[in-house]
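First chain written, first letter: the chains are A, B, C and D, and each begins at residue 1.
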């Protein structure tokens, strides 16, 4: 992973809906946070998924997810969720993602300290025909925008 | 509500996904429990919603929900969720629903005691064209099955 | 409802997680949107719920929700969710909430047009002891902040 | 994976809440299905997680998940979710899980045909102190039940 290029980051706040009776964020919900960040990363590249589905007849489906949970998040925590494209083919792509806890919420002494890594993972996404759900090649306009 | 006819009842178990950091079931999730019970009530009448959508081009949408939350449910609780049709038109229907805590889980002494009411509500459902989402008349086969 | 005072508004984007197979936002998820807006409204008044629970031993629980669903939201829609305090006691309060579709997304001709009302409802919230879940009087610092 | 011992299987029905606007089950929700199956597998061994938390002060947290999504599930599908313990230490364990589509729903001709694999994955779970969330050794009674 090329650390020289900063990954796309998206702010997520933890609400009651995200937590479970353990008092922490329910682990499956980090996949939702990852999805929100990927959606906003795509939007930042000019890709709106609903429009793309309407015009191209295709959509993304998730093919594989691997996530390591290191530290828990709690109600009211302010998180940053990242997305960084690490591999891209004509029918799929792989994105590395992290959820970080903003430091100002945990360290009043040194506000310049690093954010804390809560979980990280890899998501492989395929492009399919929305009607048949069969794998398909991404439309040219999409490939073009993912180049950057 | 005519108490002489027993309402349809569906068993629901509380899992981690249903709870929040308050240690209890997140209130919005009772709407999910209600939906599961309505779906199984319809299935018990011979109505499969996916098939009905595929064949008739229509589907149910929820138009209104009113829910009162009386007592909380917790992880591992065994619940019964009821559904009772209380009003029916050609394009909509109203269902009364309750979530009850099975008594054996809370009273080992007297297993014949009444289940405890946790929440109850009313759900108004409309029938719409699945493509346009405009209100429509329920297909005859559906109205026929709802007669019972 | 006093329309002279603008209600608190909070931006919510619709993601895949919010939708269902009908192609629209799953109705139970509007309760999540309402909750996020209430949480941010409270935060705007200086109330952080996790801190308040840690310091006072109490928390909010939802006692009643009534919601009317008028029009559907879809993937990628940009929404505004409002919260307006309409009634307040010592142990409970009632909030009126709406979900609106931002006009720029639906009307390119006239960007100054009114946002479209998608759903609206009333949420009654009680204050309870977090350990026993019994109703309790809100702490003074909370009542003070709710005065505004 | 030793195929001679049948894994624990738990029936899950697909409801509206589980689907997304792609018309299929939202991939993050398979983690919920996996969790339900693990919970019922533990219950079948005599382990009730809420009771265990109340008596031992500890609970499970998920440390890692890897899931491959092969085929989609849809509304009304009848699924079987499996759980098979593949590794166990004093503070963690690893479970292999699958989601299968029951064959009778997809093959009316040959009802004896094999169920179809929709997704499979591995979930690593750690035992922590519920108050501090620090890793801890599983209580003896739990280790004993996991022996079988």
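Observations
In the analysis below, a residue touches a chain if its C-beta (ideal position, glycine included) is under 8 Å from a C-beta of that chain, and two chains touch if they have at least 3 such contacts.
All values reported here derive from a predicted model rather than from experimental measurement.
The chain pair from B-C, C-D or B-D that repeats the A-D interface, sharing more than half of its contact pairs by residue number, is B-C. Relative to subunit D, the most remote chain by averaged C-alpha coordinates is C. Counting C-beta pairs in contact across A-B and across A-C shows that the higher total falls to A-C. Chain centres here are Cα means. That of subunit A falls 26 Å from that of subunit C. Chain centres here are Cα averages; for subunit A and subunit B they lie 34 Å apart.
With touch defined as above, residues shared between interfaces to two or more other chains in subunit C number as follows: 16-17, 22, 24, 28, 32, 35, 74-75. For subunit A in complex with subunit D, the touching residues are 22, 24, 27-29, 31-32, 35, 59, 61-69, 72, 130, 133. Across the complex, subunit B meets subunit A through its residues 16-17, 19-24, 26, 28, 74-75. Considering their complex, residues 13, 15-17, 32, 35-36, 39-40, 48-51, 74-76 of subunit C touch subunit A.
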